[in-house]
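Here chain A shows up in two complexes: once beside chain B, once beside chain C.
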Partner chain A sequence: MTSNITNLDGKRAGRYVGTAQRRIDGRLKVTGGAKYAGEFPTPGLTYGYVVSSEITHGKITRIDASAAEAVPGVIKVFTYKNRPKIASDDKKYQDQTAPPGSPMRPLGDEKIAYAGQPIALVVAETFELARHAATLVHIEYETKPHKTDLEAERSSSYEPKEKRSGIAPPPPPRGDADAAFAKAPVKFENEYRVAVEHHNPMEPHATTVVWHDDGKMTVYDKTQGVQNSQNYVTGIFGLKKDDVRVISPFVGGAFGSGLRPQYQLFLAVMAAMELKRSVRVVLTRDQMFTFTHRPDTIQTLGIGADKDGKLQAIRHDAVAETSTFEDYQEVVVNWSGLLYDCANTKLTYEIAKMNVYTPGDMRAPGATLGVYALEAAMDELAYATGVDPVELRLKNYAEKDQNEDKPFSSKELRACYRQGAERFGWSKRSAEPRSMREGRELIGWGMATGVWEAMMQETSARATLTAGGKLEVAAATADIGTGTYTIMAQIAADELGIPIDDVTVKIGDSSLPKAPVEGGSWAAASTGTAVKAACHKVREKLFNHARKVEGSPLANFGIDRVVFENGRISVSGDPSRFVTLADAMAATGEREISAEETTAPDPETKKKYSGYTHSAIFAEVRVDEELGVIRVTRIVDAVAAGKILNLKTARSQILGGVVFGIGMALHEESLMDKKLGRFMNHNIAEYHIPANADVHDIDVIFVDEQDDKASPIGVKGLGEIGIVGTAAAIANAIFHATGRRIRHLPITIDKVMGAGEDKTPAQAAE
Partner chain B sequence: MNSILKPGPNTGAAQAIPITLTINGEVRHLTVEPWTSLLDLLRDELDLTGTKKGCDHGQCGACTVLIDDRRVNSCLTLAVMKDGASITTVEGLSQGDELHPMQDAFIEHDAFQCGYCTPGQICSAVGLIKEGRAHSAEEIREMMSGNLCRCGCYVNIVTAIEQVIESDGARIKEAAE
Partner chain C sequence: MNRFSYARPTDVAEAVREVGSDPSARFIAGGTNLIDLMKYNVERPTRLVDITRLPLTTIDKADGGGLRIGALVPNSDLAYDDQVQARYPLLSDAILAGASPQLRNMASTGGNLLQRTRCLYFYDTATPCNKREPGSGCSAIEGVNRIHAILGTSSKCIATHPSDMCVGLAALNAKVHVAGPSGERVIAMADFHRLPGDQPERDTNLGPQELIVAVELPDEDFSKNYSYLKLRDRLSYAFALVSVAAALKIDGGKIAEARMALGGVAHKPWRDTTAEDMLRGKPAEEASFKPVADHILRDARGFGHNDFKIDLARRAIVRALSQAAAGTPQTQTDKRIK
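Let's turn to the complex of A and B:
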């Protein structure tokens, strides 16, 4: 049943919520005790190794697996020719997060739609044998011309007919942006582009299927949604929920790559069912470049303003790649109608089909791209008008969501600017580019705004209190490093007033109460609310028993007049009058009290208010003038995200997002060879992510923000806000240091040294 | 556990070879094919999955173990090359229930998120202290750059290592000498 969420007082002080708590799963992670998907042992395990397409577009004309199958220890080579029957209906393949279209069927037929498409699975008794035999599978192809250059395909871009669920299309035009732009005394229009990025979590995607004699399977899958994987498998292979239990207690990073079921899940389950044996399929690091990625997106952004920087017009157009078989969509341009007060906006978003795998959600999908362009353009406006970048943003501060004409549930962005600027020392900045230096290094200070949607999803959770005073809370959500385990324990411990060590958290198991995929920064607000509701129900049940204990001092009090603290229920303000939890439990005569609750966002509140997290990011870079080496020496990120549950894990979320932003600004780039149609740097020596030496001081500030509308527990979410705007702050700092405006990310040495094509400063009209 | 599948002549694998390794203080007599990496031996044959495979190419450091107190990428090490060596994995750092100071510092400073690179980071950090070369945050950053962390925990990793160098550095280094 759905809980009455107004009962959940998000402001009630707790012993654990709002403090810095060590991760409850920390010990397992530092001792090697935490098991990830590809690590569960089982007797008789076989190993699958994937063979990937060597061509980008065309078809297989011949597959000869005889040499591979002749190797002793090789069990079977699966191809499109001998795979078992699978579902034909697109719907069966469409998971919770799928965009419109016809999802890829691994080993579906002879057709090849993109480079690296899985075309065979070699299953053998050992990993080494499978890997060796995979090199012996002989494949002949017929190739067709491929489309892998977005520049060339943008002329055939289109507005997706079927919208992706949960993804808002651009809002309708506001005012008359073209006319206002034409009249504006200061104006410019530029192209911004961010390189294709791959998620590259440290753990490669992996699935271990344990085959049971009764034909049922336990599937250990790397996923952000165990029930999403379960539904995918049961739909495709015609199984019942009871046949497949998906377990994923630890996820070695995902950042969105674990939202959709990836092909190793399909292949491992298919092979296990066919062979009636346990199968493990782990992708190689190279193969981590053969599926989802942040889409190549070309953005054109035009700003028109008064001479003093007041915005008159924003035009923002984005063209993004998608695959030939699905229409992937994300929110790229809408932020330009949201973040600043502007009467005239025109925002468009189109996609173009290419021979790539369908792009997907990657940490703050859409926003990282769109807000980068907007915030880089705002910096250009600051220079075109001579207004300080922080001042300029305050001058154009949006008091309401103009896209939807709604007030914000809360918005402490002004405090972010103020506190961030103060901590950073922004007032000491000299505005002129190239005006600050130390030795051979030019110093640049830049800033930007970040924004991300505060979301909550319907989620269930169960709480069970035992006679011994131990509490278990459970939900089928995930902890991909975000700290879900720990915040669930904190909320539960506070609700019942027991030590956090007495709380056990169960997640990552499809048999647990229903939860959506863990993503979009909604897990803390959604699972946290459900956990609180379930514990609240246990609290009520327990209190009713406590009142009935013989001679109970609580008999004449309502639940709103007592506190749960230190294993006792006592009269508020009079701790001498109490019943212990143990006595209350004894009065129940039961071994345990259990409650399962489902919570969902209030539709009325959602209709009336817009919920967003905000941030102000300040960056210092040092650029070696002779060598072009860029160092990000200092970042201050001031974040307004409602209630902060755990100061330790919350800070880590922001640190991680900021580091992702550093990667986007300076390092990350999947390089497409347009002739071959394939990403060339498919390994993490050549696809650069920030290393330890690339990261210096990062200071995180959580601005006080009260919000009783974004979610019943006041939480807005932190998983993505750290990355949004960070690359813009760094790019703006590089302009300040060097006088070079580089609009295509990443900003590499060659671009800084002047070989790049986009180094002209912003043009102020007349 | 010790006997490993011995494939026939057509497998591409040469004959399996007997070796002796001391793993986390325990002497193990093993029969290993020459093409098996130390990493795959630990993970697939000995169920010591604390040592992680992130890239299998020596690029990420997730597979870092200590071999005779030196930090080594176990994915680039064939097991047969290490006959007679003493290997410490993350599972061998704690003394019973008592965590190694580095493990405790990683928890205290939240120096990990997903936890996948963590065993490699911790082994690498312990090796770094034994080397006795890192004296500043800048040097720690440089000498820990062989261990990638996609969750971006570097700031906290450096803080954790600094703390252990201060509190236990001399003792750990001495123990290695």
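Let's turn to the complex of A and C:
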């Protein structure tokens, strides 16, 4: 059944919810007990190794696998020529999160649309044999000119005709931004650019397909949504749900790369079905650079304001890359119409086709880019008007969502600014750039605002209480390292008043109650609500039995007059009158009580209110200007995200997001050779993410925020907010330190030195 | 990665014989570079001669009073060796500026000398690269060349030698002892690595069957005024964009002797003795260093993305010499640059 629950939370403070709880899966993870997709053992396993295209655009003219197949122990080499028949309808390949278009079909035909496209799968008795044989597959190509330079392709950008589901297109223009911009006493317009980034979770994408004699398969897949993978596989290969069970209990990071089923899943299932054997395919680190990534995006942002910094006009245009076969879209510019009070806005978003794999959602997709540009521009406005950056934001504070003309479900951003500034010591900042220094280092303080949508999705969960008083909660959601296991256990334990150790959590299995992919920061609100509803149902059933226990002191009370605590149901305010859970269970005569509930956001509330998570980020950098070396020595991130379920895992989410933001500001960059059309630094020695030495103090504040509308349990989500705005705060701090405004991320040594800034080799040769 | 046979000799002569038995055989020590290259299909040895059982694991007094470091001494052990820290702290710092603790634990002294360039194209067999496949062309010259060389390049190759340790060794006038089919010989560090010229496939002057048995440090004292300054794309665990090993002997405020080597700028640790000569007799202060930096970079040439290295190298030389002169070497733990 579906119930739209408005507020299950009541007033009772939980014993676990809202506290700092260690991860219930922590021990398994640190002892190696947690198994990942590429690790599940199974007898008779075979190994697939992917051969990737060496060219960027064109076609295969010859493919000869005979030498590879002649190697003893090699079972088969799959190519577009000998692959089994697969679905022809694009729809079958479109997973829950797919953008409009015609998804890539691994080994579909001879055409090559981007570098690294999978073109063969070598299956052998051992991994080493498969890898060796892969080098013996002889391929000849015919190449065509490729498009991999967004600068060159921006002239052929277009507004996507078919919109991606769940992605709001830019709002219609508000007022007259061009006229207001022309009239504004203070105005400027600049271009902002962020390098292409690849997700690079620690765990590579991997699939182990266990083939059963009855033709069914158990598929261990690295994914953020087991049922998404299951639907994909059954659709393409014409299978029934019963035939394929997808399991993914642990995910070694994904950051969005596991939202869409990746090609190793397709290839492993295809091979298993053909060979009727178990198959494992693990991508190499360099192959992790052959699929989804944060799209290259060129942003132009113009701000017009009066002399005191009150915004008069915002124009924000973004052009982003997409593949030749799909129209990927994300929300980049809408934030500029949302975050500040401004009567005149004009926001546009276009995409341009290139010979790359379809970009995809990467931690706070769109917002990371758009809010960076907006918050860097706001900092420029602060200097242009002489208004303190925090002051400026308060002056333009948006009291309602002007894009949709709705009130916010809650918005404690003012408190974020205040508490963040206080903790950071912002009042001691000297406004002038280059005015703070210690030794050889210039010191800079910068800040920015962060924002992300608070979302909730329809989700089901099941709760089962056994006679022994143990509770199991289950849903087909994922824990991609975020702490989902733990918050589910906390919510369940509180609902039934039992110790958290008595709760078992089952997730990451397609046979469990239906859940969406874990993404968009919606898992806690969605799964949390469903778990609570299911446990509430069990609670009701149990209470009914408790009342029927012989001589029950609860017989004359309604459920709203009792509390569930310490394994007992007792009369509220009179703990001496109680029935134990065990006695209540015994009264049922059953071995267990189970309930499955489906919860969804209330459509009326959704229509009436806008839900967003906010943050204020303050950063300190120290810059050795002469040598271009930057150290990010201090970050304070004050976050308003509704109810915080677990202070420990919540903080950890923000820390991770902030580190991601440091990487975006200073390190991460997938370097494209435009002549070859390939990303060249496809390993994590040369693709830099922050190392320990790059991360110093990070102070996380959770601002008190009550919200009974964003989700029934008051939760807004935390997975992405930590990264949004962080890079802007750092870039703004670098400006404060050095007086240099660098609008291309990452800000590397050369840019700080002002040498060779963004010069292409061709320009340099001139 | 291809299939290979494997041998694990226990003495030097046997190792040399083993590697001679197959023209595509390779020695393997820590494996931290070779195994990666094999996985990328860049190196395709059909025989691996594992040298980790050879008795080359000690650090001993050398005949002339210096130090003789066995080729199999791990980078970590070398960096933390008491004698090295006391007498050759520049070497210790150079090593600690490189890689990560885990890698330094595996990496050997000999292997470090022979680690190959980090040029992105060299590692990607789908792209042309003269070093990997002579005659196929150099993709880096007009490609992604942020990490490439600015000195001593050729039209065939602009790769750098990535080692930090070797930069320290070059500044310290180390010697490399090698054993081959016709006995032992000694190669000065300055002559060990090559410039790319017309044969970028050859990184060093080591013969195909020669084994490095030891590295020798001369009996010289640069333990007071030295610094190893490494600039990179993050504060740790990244190869040098530019690094400078500087060592001075100062007498009454004047430079009596100077040693300097640069990393990240050339196909070998870059040493310019004419620049060192320029410093002799000059006051040990910043004003003396700038002309020297200009002199070292007089023929430097950028290829676009790496243009900034010329300026960066100039500034780094001045800073490293200043640190050395002041007796305040760059620390490798606190990343703040003094």
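Going forward, the second predicted complex is superposed on the first by the 751 of 766 C-alpha atoms of A that agree within 3 Å, B and C clash if a C-alpha of one lies under 4 Å from a C-alpha of the other, contacts with A are read in each partner's own complex, and residues count from 1 in each chain.
Throughout what follows, a contact is a pair of C-beta atoms (placed from the backbone, for glycine too) under 8 Å apart; a residue touches a chain by one contact, two chains touch by 3 or more.
Because the structure is predicted, anything quoted here is derived from the model rather than measured.
When the shared chain is aligned, chain B and chain C each come close enough to touch A:Ala685.
Using the contact criterion defined above for the overlaid structures, shared-chain residue A:Arg22 touches chain B, although it does not reach chain C.
Of the two partner chains placed by the overlay, chain B and chain C both lie in contact with A:Glu128.
In the superposition on chain A, contact is made by A:Val659 with chain B only, not with chain C.
Within the superposed three-chain model, A:Ala693 lies in touch with chain B and with chain C [touch as defined at top]. After overlaying the two complexes on the shared chain, residue contacts for A:Gly33 are found with chain B alone; chain C is out of touch. Of the two partners chain B and chain C, more residues of chain A are touched by B. With both structures placed on the common chain, the touch criterion links A:Lys675 to chain C but leaves chain B unconnected. Counting contacts by the rule stated earlier, residues 128, 132, 284, 683, 685, 690-694 of chain A appear in both its interface with chain B and its interface with chain C.
The residues of chain C lying in touch with chain A in their complex are 1-3, 39-41, 118, 120-121, 123-127, 139, 141-147, 231, 233-239, 241, 302-308, 310-312, 315-316, 319, 335-338. By the touch criterion stated above, chain A contacts chain C in their complex at residues 54-55, 115, 128, 131-132, 135, 284, 286, 439-441, 622, 624, 626-629, 631, 666-667, 671-673, 675-676, 678, 680-683, 685-686, 688, 690-694, 748-750, 753, 755-756, 759-765.
Within the complex formed with chain B, the chain A residues making contact are 22-23, 25-36, 38-39, 41, 70-73, 125-129, 132, 200-204, 250-255, 282, 284-285, 480-483, 648-649, 651-653, 655-660, 683-685, 689-698.
By the touch criterion given at the top, residues 5, 7-8, 10-13, 33, 35-36, 40, 43-44, 47-57, 59-60, 62, 89-91, 93-94, 99, 103-104, 106-108, 110, 112-119, 122, 140-142, 144-145, 147-158 of chain B touch chain A in their complex.
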